[in-house]
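The structure that follows is given in the form of C-alpha cells.
Chain naming follows the written order as A, B, C and D, and within any one chain the residues start at number 1.
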C-alpha cells in the first residue's frame, strides 16, 4: 500500500499499515495547510460566488468530515470542538442534520482563522489517538472512512485553489498567490489516435481506493473512434474566438447559447484583452496568454462549441477511459512541487498521448449518471456522490491543482455544464 | 405508405403518393383545428408560464413551419402572409432569423385568432397548389420536409393540450375543456418482466418516418434487468406521499430536493387535497383522484424519488426500447377518439405489458444526448433536435394527448427534469 | 348639481336628484364601454406588466366596486353574479377579503369578455332598481358611495387607455386603437408667471365631490416662486436628450440614475429613433414626433433631471394649486370628443397659463402624503387612498385621457417616481 | 469654537484655530480606530448585505474623502497612496469618477486591514502637514471641507457600528463586540406635550457647522399638535405585536404590508422569541428584552403601523424640530463612554421631554426633500446629500451610536422606509 493510492486493505490493519495510514493522514493534512501559507487572514474569509467557498470554510469542513464520520462514531470520549460547527461546516449531508446556507458561507467572520486552525488541531489530536498502535481495533472499522476523508480533503485542496483564484481574480489589485515556476515548453503537434469498435470494460476494480461512483466495472459497446493526442491549446482556442466563435449560435447548444448571452461570455474566464494582446489572470498574477498552454477555464458549453467549430466532438467518458487505460499517471501536479499557479504546463513526453493529467480536467460528452448496477453506500456517506447524478457533465483526467496521489484513470469528476472556475479544458474526439 | 407512418419514400413520388400526402396533410391540419373547437377566443391568447405557449401561437407557428421550410423555398410566386410573422412565429431557429422572445408570447393580442386562422388558410392554399398532381416535380424535393412538418404539427397538437391544461387549471373558475369519456377500468397487478444481458441494437432504421435523434441504430451492451408490466398508479404514488415521500431528502437527488423546496411541491401537479380526499384538475374539470389510473404530471425528480422509495429505479431508454421492441402500438390516443381529458386510461390487454402508449409518457434514467454517430442535418432544420441535447431527460412511450400516428417505439421525447405540465408518468425497472 | 361635479348633496335626495344621479350613472358606465368599442376580444385579455391590468379586468373591477360597496349592503335581495368574482376583481381591499394576485391578472382567459359584459349588465340592473324613485330611502345612504364609484370608474377609464397603450405599443404589428383627430397647433412661447410669498390655503372645501386625499383644506407658508405658463415641449426635451441628458449622472437623482441604468432609458417611453428622425408610438399608431406637443410618458426622474438641466425645478403641489386656483378647467379631454390617441394637444388660449388640463399630468416635487389633519374614512373604503401615502409623487392637472368631469384643480394624482406609462409630462418652476 | 461644534469660522483661521482644528482631526480619527479595537481581522472584511459595508471599507473611504477633497487639491506634492484606491473607495461621487460596485465591497480581501491602516496613516501624515501653523494659507481654503470630512467620518463611525452589528447578529456563534455598561433605569410615564399653531421657522442658521440639507432656514405654517415626551418602549411595542400588529393589514401602509410579507417580518430586527420570552441580539451579545428601553431597529413602516394602532401618528420633522428647539443636547452617546452595545438607554431627566438624543433615531412622517430654496453646493460635494432627496424618510434626534459632537437639533438623518439595521425607534405625535 503506497502513498499514491490511499487505499485501505480489506480485512484489518497490520501495525505497519496503521503507521502508514498515520503518515498519509499527516501528509494530506499538512499539504492543505501549506497551500494556505501565502494567504493573508482576509483571503480566508471571502466568498466570490455561491458555488465557491471561503478558504477557512474548506479548512473547517474537511476537519468536520473526520470529526463527524470517524471520531464521533469511533473514538471513545471524543469531545466535539464546538456545538455549532456541526451545522456550520456540514456541506450537504441531510442525514447528518441541517446546514448553514451555502451562499452565506462568506457572511461569517467567526470562527476566526485562528479558531479554525485550533479546530483542525483538535481533530488531528483525536486522529492521533485513533491512529496509535493500541487502537488498531477501533481503527479497523473506520479505516475505509478515514481514507475516504483523506481523498475528500484532497478534493478540497483543489477547491481551495480554484475558489481562491476566483476570489483574487475579481480584485482589481491583482493579488498574487505565488509566483509561477517557469515558462512552458512547446506543444506537440496534434495527432489523432485510433481506437477500434467492440465491447470494452470500464470502471474501477480491485483493492486500491476509488470513489463509489467509479464502480461497478461494466461492459460497454463502443464504436470505433479517434482521440486527440493532446488538449486544445490557447492558440487554437484563440482562432475559434477570432473566427466569431462566441457570436455564432449555430455552433452552440441551445442552453449553451443562452448561458453565453446571460453571462456575456466572449472569452474563457480570466482572459482579458488589452488592445491586440490577450492576458490571463492566474494565481501568479496577470500574465500574457501563452499560446502553447492548454486552454483552461472554459465551460462544457464552450468546449462543445469549440469542438463543433473544429469539425470534431468531445469524447465520451467511456472513450476517454478506454483510450487511456494503459497510460501511466504523470504530469505537473500540485504535490509534485511543479505547481503552476495557472493551468498551463509544458507537455512532457510520455508516449503518443500527452497531458492527460496534471494540466487541465477534460470535459466529456457524458452526463454524470450512475454506472449500471451502481448503488450508493448506506447511511449519510451515501450522499457523497450519488445524489448529484443529474444535470452535471463528467470530466476526466486531472489538473495542475490536483494532488498527484489523487489522480486515477477511472476518476469521474463532475460539474454543471456552465461551470468555468475549475481548471477545465478540452480534448477532442471524432468518429472513425 | 399508410396514414399511420407519415413517411415519404425515397426516390420521388408517384401520383398516388402525392394524393396520399395531400390527404395526410388535410388530416393533420384539420385535427389541430378540431382540438381548438371547444375554446373561447380568450383561451387562445394567454400564456401561463414561459415554457408554455398560447394556443394561437401554436396555430401560427405550425403554419410558419410550412411557409418557411416548404412554400418559400419551393412554391414559385408564393407570397408571404405577413412580413412580421417570420420573426413572431419562429420558435428557435437562429439560422432563419431573430425570434420574438418566448416568455412574451402571451403579451401579443394581435394577430387576432381570426387572423391566425386566415394565416393557416393562406398556407393551406399554398400547400394545395404544391400538392396538385401537376406539381409532382416540385413536391419531390420537399416531401421529406413536408412530412417533417406534419410530425412537427402533431407534436404541437400535444403541446396545445398540455399548455391549455396548464392555463385552465390555474383559473379558479375551473373551466372545462371537454367532458371525459367514461370511467377507467381496473389496473393489472404489478409484475416484473425479465430481460437478459447482451449486446442489443436500438434506434430507428428503415423507410418509415423518424426524427433525426432516433438514429443511427447502434449496438449497446445491456445488463440483465427487470421492467414493470405497467406504470405506477395514483394509488401507489399516494402511498409514497403518505409515507412522507415529499419530506424525506434522502429519497431525492440533490437538484430534485432543491426543486421540491423552491417550488413547494408536495404532490403531483394538479392534485388537490380537500380534507382527506384527493382531487385532480383535468381537461374535464376537477375530478376525484382515480386510484387505478397511472400517476401523471410528475417531474423526473419525483419519478426518481418514487423509484428509490419503492426499491426500484427508472429504466434507461435502452432498456425501455429493448423490452418493448415487439409490442404493437395501441392505447387510448388522441386520434382514436378515446381521448381522456386527463391522463388516466383504463389498461387494455395486449400481452404481458400494459400502457406503453396512449396514457402517460414514461421518464427514463437517460440523459438526452445524441446517439453514437449522430449528426444533425445541415441547415436550419439541424436545429430541430440536436441543439437541445443537454440538461434534459428522455421520455418514452406516448401519452393520451399524443396522436396515434405519432407514436413510435423508437421515439425519444425529452424534457427538463423539473417539467411537470406534460402528461408524464413512471414505469419502474430493477437490476436483475 | 351638474354632470361635471358628480357630487352628492348632504341631507337626502330629492326626486330630481335621483334622476340626475341615474343619468350620471348611465353616462359614466356607457363611456367606459364606448372606450372599448375599437377593441378585438384579444385586446381585453393581455397584461403587459404587473402594474397594468387587462381591459376586461377593469370592466369587471369597476362593476365589482358597485356590487360590493353599493348593492350588497343596500339592495334587498341582490344576488351576487358569481361567487368567485369577489376575490377575482377585488383590487386591494384587504378589509373585503383576499385578492387574486395583481401580477397574474393576465393569466385568466375566463371569465370571457362576454361574461364580463354580462356581469356589467347584472350590476347595472341592480343599480337601476336602486335608482328607481321608489327606492329613494335606500339610495340616500349610499349616494355618496355611488358617486365615489362613478369617480372610481372614471379613473379606470383613464387606466384602460394607458394600460391598453402599453399593451399595443409593445406589439411589433403596431396596432391602431383609433385615428388621431388632427394636427396640433403652435405652442405659446415660454413665460414665467410670478407668485408672491405668504400663507396660502390649499385643499378641497365645499359641497362638490372630491377624494378624501384632497382634504382638509389647510394653510401653508409659501415662498415666492415662478411657474411656467405651459408644459415642456417635445422640442425642448429633445434638446435635453441631444445635450447628453441621459448620459450625465450629475443631472439626476441617485435613484433616478439607478432607474435609468437598470431600464436602459435613453428617451421617453414610446419614442423611437429612425436614423435622424424621432417617432412616437401612440394610440393612433406610430407618428412622427410633433415638436410643439408637450413631452409625455416621462418619469418623475426624467422630469426632475430635465428641470435641473434647464436651470429650473419641478413645482411643489402647493405652488401648482396656488398658481392655478382661479383658472377654469378646459382642454382636450376624453369626453370632449377631442380625444387624441396620444398625449399632445394644441394649446388653447385661456389666459396667461396654458394646458393645465387635458394634455398631460404634471409631475410635482411633492411626495404623496396626507394633508395635515388627514384621516382616511372608516371601513374598507378607507383603503381607497390613504394606504398609498408613501413612495409616490403627486401629479397635478389632468391628461388627454382623463374624463372632463373628472378634472379638478385640487385633484391629487400619484404614481411612483419611475412610472412612465401614464400620460405624464413636465411643467417647470423656479424660486423667485 | 469648541470640540462639540466642528464648525469653521468664516474669514480665515487664526493660529489657535488651526491648532484646535488639528486637535479635532486627531480626536475624530482616533475615535474611529478605537471603535475597531475589539475586532478580529475577519470582522473587518465581511459585508452582510448590499446596504452595509465592511468595516475596512469605512476606514478606507473616510480617508479617501480627505485625500480626494482636501489633500489632492491643496497639499503641494501630495502623493496618492495607491492608484486603485480612487475608485475602490469612492462611495457614490460620479463627478470624481467610477466606483467599485457597492454590493461587491465584501468580495475584496485586499487591501488587507493592515494596508488600510497604512492608508489612514498616510492620509493623517498629509493632514498633519496641512495643519502645521506654517500652512495656514493653504488650510484656510479647505478648512470647511476638512470640517465636512470630520462630520463625514463621524457619520461612518455610526455606520461602522450598525453595519458591524448586522454582520455579527447574523452569525449563529453570537459574537460579542463589547460588554454592556449596565442595566437601564426606569422609563418615565407617557405624557403629551402641547404645541400651538402658527408660522414657525426651522432649519440651520449661524456659524456652527451643519450639512447643506439643513438649510435654508425657512417659515412653515404649523397646525397645533401634541408630541410624546419619550420614545415608544419595548413593552409598548410588544403589546402591539401581541395584539396581532404584524398580522393586520389595515394597520399598515400598502408598501409597508408588502415589505412585511416579502421579508416575513414579525418583530423588530434582532428580536428572538424563545418560548414565552423575548431576547434581542445586541453588540453585547444576546440579551433579554428590556421592557423600558426604547424599541429599536424598526422600519418606518413598523413605526407608522404602531402609531396607527396606538391611535396616534408619527410627527413631521417640522413638528419635531419646533418642539425640541430649546432642549439641550444630552444623552448616552458613543463618545460619552456610556455607549450601550444596543439601543436602550435609561432616560435621564432633562425637563419634560426625554431621550431626544443618544438612544434612538426617531422616524418622522416627512419625506426627505430639499428645503424651500435649497440648492446643493457646486462640484462633486454637491452629491453629498442632494441627490438622495427621493424615496427616503427623515429621522430626527440621534442614537446611542452617534458621536455626541455630531448631534444637532436641526440634523436631518434619512433612510429608506424599509431600513431596519440603524438604531431607529419611534416617538409619537397627535393632532391637537
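Please note the rule applied: a contact is a pair of C-beta atoms (placed from the backbone, for glycine too) under 8 Å apart; a residue touches a chain by one contact, two chains touch by 3 or more.
Computed from a predicted structure; not experimentally measured.
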{"item": "For subunit A and subunit B, chains touching each", "value": "none"}
{"item": "Centroid-based (C-alpha) most distant chain relative to subunit D", "value": "B"}
{"item": "Distance between the centres, which are taken as Cα means, of subunit D and subunit C, whole angstrom", "value": "39"}
{"item": "Rounded Å distance between subunit A and subunit C, as computed from the means of their C-alpha atoms", "value": "61"}
{"item": "Whole-Å gap separating subunit B and subunit C, where each centre is the average of the chain's CA atoms", "value": "47"}
{"item": "Two or more partner chains touched - positions in subunit D", "value": "none"}
{"item": "All pairs of touching chains, each written as two labels joined by a dash", "value": "A-B, A-D, B-C, C-D"}
{"item": "Subunit B-facing residues of subunit C, complex", "value": "40-48, 84, 87-88, 100, 104, 106-113, 167-168, 170-173, 175"}
{"item": "Subunit D-facing residues of subunit C, complex", "value": "92, 94-95, 199, 218-221, 223, 249-250, 252-257, 300-301, 304, 365-367, 369, 372-373, 382-383, 387-391, 417, 431"}
